[in-house]
Structures are given as C-alpha cells and as structure tokens.
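In the two complexes that follow, chain A is the common piece, with chain B as its partner first and chain C second.
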Partner chain A sequence: MTLSGWFPVARSADLAPRHVFQTGLSGQEIALWRDRDGRANAWENRCPHRGVRLSIGANLGSELRCQYHGWRFASGTGQCVAIPAHPGQTPSERHRATVYRCTERFGLVWVSLADEAEDIPTLPGSIWLPLRGMFVEAPLVLVERHVMDSDEVRFFLQPVTDQQTVIHGLWIGSVGDPVALLRQQNDALTQLRNRIESEAA
Partner chain B sequence: MITLFGTELSVDAYRVRLFLALLALPYRRQESNILRLDDDGTVLEGSDRILIHLAHRHNLSGSWRLYGSWLDVGRDLPSRKLFRQMDEHLWFAEQEGPGWLCGGHPTIADLACFPAVVLSESAGVSRLPFPALRRWSDRIRQLPGFVAMPGIFV
Partner chain C sequence: MTELTCEDRVALDEWHVVAALIGLPVEQEQTVRLLGCDIALRRGEDHHISARVAGSGRSLPVQTKFGHVWTSLGTPVRTLFAIPEYDEPDRRNVIAEMVPVHVSAPRAVENFLDLGHFAYVHGGYLGAEPHTEIKPYKVTVEQDEVIASGCKAYQPRASLIADQGFEVEYVYRVPHPYCAVLYKSSVLDETRQDVIALFVQPEDEDRITAHMLASVLDPTSSDQEIKDFQQLIFAQDKPILENQIPKLLPLNPRAELWAQADAGSAAYRRWLTARGVRFGTIPA
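Let's look at the complex of A and B:
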C-alpha cells in the first residue's frame, strides 16, 4: 500500500478525447480533461463565475467551455480566455479555474491537491496494466485494511470523499489475454468491494 | 406519415423523438398525455413497443434492432445498483469495441436507457461513481441528428 501526496484519480485510457471526466479527491470534486495535444488537466469542478460544475461543460480541444454562460478556460493555466456576453473584453486574471498538479505515470492519472508533494512511488518492471478502478462506498481506512499487494499487482487508493474510495490496481505480472485478465481481476475486486461494503454498512 | 402523440416534457416521448431524429424520419407531433405513435395507420402505445416498431420498419440496415434485456433495465432506472452493472458492462464494451450496450452499434437499448441516466441527478443519483456511463452518454450526445430534451444539456 502506498500513500503520498499524489493520488491516482483515473486510468489514462479512460480520459477520452473531448470528454470531461468527473471525479474527486478528499472531498474536493475534480474535472479531468485531456486537451488535443494529449495533456491532462485536473481542475476544481467549479466554474469561477457562478460555481456550476465544469464536468457538465464541453471539452473543446484546447479549452473547456462552461455549460452555464459559455465562459472558456485555457488548457494548462485555467485562465478564462472568452466571455460570450462581453465579446470585446479581455477576461481578468482573476477569472481563472483552480488548477491542481496533474501528471500521468504507469497508465494512471495522478493528482496532488497540495503544491508540494512527495514523488510518485516507483514500480518494478516497465510494463504495467492498469485495472478497472473499483469504486467502493467505504472510507479509505477501512478499504486499506482489506487491500493487499502481491508480486503481480500493486494497489493505490483514491479517497474520493470520507465515505467513498476508489481502488486502482496496477498489474505488473505477465499478461496473456489482457481483456481476460482485466475481467478476472475485476471479478476479484468486485468480491472484495462487496465484503468491504457489507462491513461498512 | 408518422404522427407522434405525446408531451414535450415526457421522458418516454423523448426516447421516441430522439430515435425519430437519429433515423432522420419526418413526423408530426400532437400534444397528448398518452404516448402513442401512428405510423401510416399502424398505431402503437408505449415507448418500448414504438422503438422496436421503428427499428424494424424504418432501419433497413438493422443496426438499431438489438436490445437484449436493456429495455427492462431502462424502465427501472435510475438506480445505483443498475448503474453499477451498466458501468461495468460499458467499461468492458469499451475495451472490446466502441462501447455500446448491445454490440458494435448504438441500438434502441442505448436509447431506452439514455434519458433516465442523464436525468439521474434530479432523481438524487450522482453519476460521479460511474465514469464509463458518463462517457457512454457523451457518445450518444455526439450521434448525428441527436436532439436534446429540456433538462438534458447537449
């Protein structure tokens, strides 16, 4: 089990083009989106204008457009670049989405809510297969007690809220048929989730 | 000529309006509290029956016809338990293909489930725990001919 300032929040492959992925970390909702150059953004899921969730907005490729009044925010900086109601006006520096540190490693997207964070853990080998994230309705401390690493798989936990945790698994063993392996590991994690949730209830 | 009897705000009528739009079929709409479709004299009630009828009569390639057990699921949505099953099903559908509920194409199964999924927040069911379900609803929004209903953002 590895815990640090960086937490996995999604599988890299699940950040689809033109999509805005909704997730959370320690009670903070996050809008994750990949721009057309492949860069992943992790922003507070809240438009700085009227507080609407950015995850219902549109990923335009290099900007995210809020659904409510159409304000557009630039990939990377989160700076507002256009306000449709005031087309001639340059948006103020204050009109900026809250941007979190975000990076990708081992096929997972990692986010740190703090400016300073320890390094992301290292892993042996060079081939990692990220498993389907397993969403558990239980606090991190309870999930931690049930999840055990092995020679073939390492687990990282994402505390979404104080009552919800996602188990992210990285397969580091040998892979024959990847989809069959993903199904088998998903079945095992589903059983684990059911045990944890019945304990949490 | 196709006439659709229904109300603008009904989820059932929206399923049918969406399918008619995706099939690019012209139709007239008449206000009515009971959902009914008159297709050149063939009269049907109930959105499931109407979707099946349209898929058989007007979708000559047949790609929309499959639905498996998803029409039953669509009737019971939104529910966290069913969303969990759908999210898992769709995640694996994405690993093995384009990520529709029944095989390699969008079908009436997807249309039957779509409105209740995207309206789930107003029924108190968050979609944050179901990322594959959110990607799937984006794919439906991006289908050529897609029309929105009040309360569903395009």
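Let's look at the complex of A and C:
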C-alpha cells in the first residue's frame, strides 16, 4: 500500500548543486537532486536498468547519470536520453526512472509517493527557518506522541521506514542570532531523540 | 537434522568454491560458509583436506581444482567444469583475490559478463569515453554453458602489461551458475588469450566471497603485480555490486530494463531459469 500525503524528505539546502541526496519514505529509497534550473527531482533510488542506486550517480545539471552503465535520465520526466552502449539509438519511452511528485515549501523538500495527495500544510507568517532534520530510530506513531508544536516551532515527520523517522522542525518565531538558535534547537531535538529512542528500545 | 536452510536442490548439488588452497592453514580448522551453512575445513599434515558440516559433523566431498578447494552440500550431479588453459606450461596462474561482497552470487556473475560498464566503472583501464558503443556479439548455449563471443571493447589498459589502448576481443563462458571464465586478447600473442576466472562462493543469498583466478601470458610481472591489477579492477566493481537493489537477481525478464548490449546477461538469466537455480535469485 502506498503511503498517501506529502512528507518532508530533506531541507532545500541539502540539495546542493551537482549533488545527489539519498533519503527514504515509507521504506522506499529516494534519490533527490536539483537540476541547474533549480528544480528538485525525487526519484526511486534505483536505475531501472540494473538496479544500481542513483544516489551514487552523477548530477550533470540537467540529467542524472547512472554510475554503472552511464545511462542518463532527464530532469523532470526521468526519461532515459542516452544509453552509451548504443549511441545511435533513441531510448524508448519505457526506459525511464521512476519519478515521484516533489515540491519545495518553507525551505523543505516535500514528496508524495501517491499520484493524488492533499495539499501541503500551510504555515502562518512568511518567515521560516528549517531546523536540522533529526533522525530517530523509532516508528512514526511513537515519535508523534512526543513531538509538540508551539507558537514558535512546527514539526513535520518523515516516516523513513517502519522503524525510522526524521523530525523536520520549522522555526516560525522571531530569530535573533540564527546560529545560536539552530544550535539550541538542535540540542533540544537531540534530547528529544534520546528520550524517544530509550522508550522505543 | 536442521543443518540446511537452503532448499535449492540445484545449488546444493553443485560443486562450490569455499577457499583458496594457498591460504588454507595446515592442522588448523577453518570455518567457511556455503549456501547458508557453516562448514569446517581442515587440511592435514599430509595436505589431505576434509570438510564437515559444522555442528552435525556430516562429512562432505572435497576436491581441489584451479588452486581452490571445492565442496558440495548435496550430491554433485555434474563434474566441475574444465579450464584447459590452466594447465598450459607458460601461463602464470595467480590466485588474484578473495573479496567478500554484500550481494548475491548471480549479480556478481552478471557484472563479470557485462561489457557496457567498462567506460564508467573501469574508466582509463578497461574502457573510456567516447569508446562506449557495444557492437552486437554472439550468444549461444553450448554443452550446457552460456557462451558470449565476438565481444569487442576498446581498452586503454587491458592488462598489466598493456602499454597502449587497443580493441580487445572477449569470449565469456558461464559453465556453472556461480562461476564464469573470460578469454581476452593477449598483448603478447595475438593467437592466444589471457584467461580470468571468477569463482563465486555463495555464502548466503545476499553475501558472497568472490575468488578470482588470473591465468595470463605475462613473463615479466610479479605475482603481486598481477594480483594488484586484478584487485584494482575488482575494487571498482565492488561498490557497484553493493549498491544494486534488490541484491538478489530478478529472473523475471520484465523486472529490469534491457539494452541490446545485455544479450549475455539475458541468456544467463534464461539459463539460470532453465536450470532451476533459486539461491540468490528472485524467481520469474
């Protein structure tokens, strides 16, 4: 069964130019990459040819190249545009990476594995500071019980697998010294993780 | 008896490599793994080698061939395949390596047969852009072996003693579900080939040790240099193999996409299906 809904899977800042970022949602590994026009791609993290993780491939700017046979897949559609073993041939429509719906909001990258999904939650105000995603070895339902929104911070959860969750925090309060704030919030989230993991153990 | 978890009769009844002879200590038991089962190997003072299933103590057949120790957990129905070149007097037979890899045996064999990855995984050695095209080659099944012949690839450094690039011609043999032998043009003698064999020890469905034998025409390099070259090449393959999802080889032809260059891999998958090999595969 495919998990429905939009989930944050990374911070926008994690998708550096020419980088391929590896994450997961609901047990599905995902390769995230930003093309040279700034568009974020979320693809199943395996080349459809021989199954090699695309996250060890190369982000060429407008295409992702698989590390194994150099097959290149186009940003946006995932369509294979080159099979180097057969330079004269045009790859067929079926030669395509599996592409998921992907968008960016509030400094986070959001993915939906289902074709249909409700809207991404809205946030008050227009200034948000994404906190470092906190990886927790615990199922979503357990993490949900511990995470509490406030007037200053909102949390969104990424179920990576049945037993692993990432807590994505968005700071929506006032920001004095951003570095000090991020550090303090990171400490708080680390403590929260330790509490949840000791309960999960 | 619950010693065997592997239910694949075909795999059980094959001979499998479990060690290199050269590394096997005398009068000292060594535990090796095969098809999900621990086996105690012992080489006596007289160099006789015995193999027993750990725990139950059941005695297993043993033979040594190509510098390696082979055993079977079942009743071997086939004799172990031959590599006639191994016995040619002017060849250097070097046990090149034994590398544990977190992948299934058939994925490793398929990688060994693969031509299309040379320019990307072995760039500067076995391939280079823009020489990426794989021309059609011939694939047959002869005497129960998959044979791919007439395979051509431009290689900047085809072997340790190749000092310039040239178009190398390959023949591949798959005589065993988890072993493959390749023949590639010799730099020294255009009528002969260097032989490289991959013997995969299937430890668990998704864990192997890859044993590699180089049987090459090279009068000048040291054993260590020959080993180092093979290890350098295989070290480039290992991270690819360990990043394949799923780790078991899917035998359903629609599970993965194909290009014409994959004719050898297609034939290997069909051959595994026809033989009924299940260990390390996802049946069609």
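Here, the second predicted complex is superposed on the first by the 197 of 201 C-alpha atoms of A that agree within 3 Å, B and C clash if a C-alpha of one lies under 4 Å from a C-alpha of the other, contacts with A are read in each partner's own complex, and residues count from 1 in each chain.
Going forward, a contact is a pair of C-beta atoms (placed from the backbone, for glycine too) under 8 Å apart; a residue touches a chain by one contact, two chains touch by 3 or more.
Fair warning: this is a prediction, and the values are worked out from it, not measured in the lab.
Looking at the shared chain after the overlay, A:Trp171 reaches neither chain B nor chain C. Looking at the shared chain after the overlay, A:Glu29 reaches both chain B and chain C. When the two complexes are overlaid on their common chain A, residue A:Phe135 makes contact with chain B while staying clear of chain C.
Contacts of A:Ile56 after superposition on the shared chain: both chain B and chain C are touched. Legend: residue contacts after superposition of the two complexes on their common chain; A:Asn186 is shown touching chain B, with no touch to chain C.
Looking at the shared chain after the overlay, A:His69 reaches chain C, while chain B stays out of its contact range. In the superposed model, A:Trp43 lies in contact with neither chain B nor chain C. When both complexes are overlaid on chain A, the residue A:Pro87 reaches chain C alone and has no touch with chain B. Overlap of the chain B and chain C interfaces on chain A comprises residues 29, 56, 67.
Chain B makes touch with chain A in their complex at residues 88, 91-92, 95-96, 127-132, 134-135, 138, 142, 153.
For chain C in complex with chain A, the touching residues are 110, 114-117, 119-121, 129, 132-134, 239-240, 243-246, 256-261. Listing the residues of chain A that touch chain C in their complex gives 29, 45-46, 48-53, 56, 66-70, 83-88, 94-95.
Listing the residues of chain A that touch chain B in their complex gives 10, 14, 16, 18-19, 21-24, 29, 56, 67, 132-133, 135, 160, 164, 178-179, 182-183, 186, 190.
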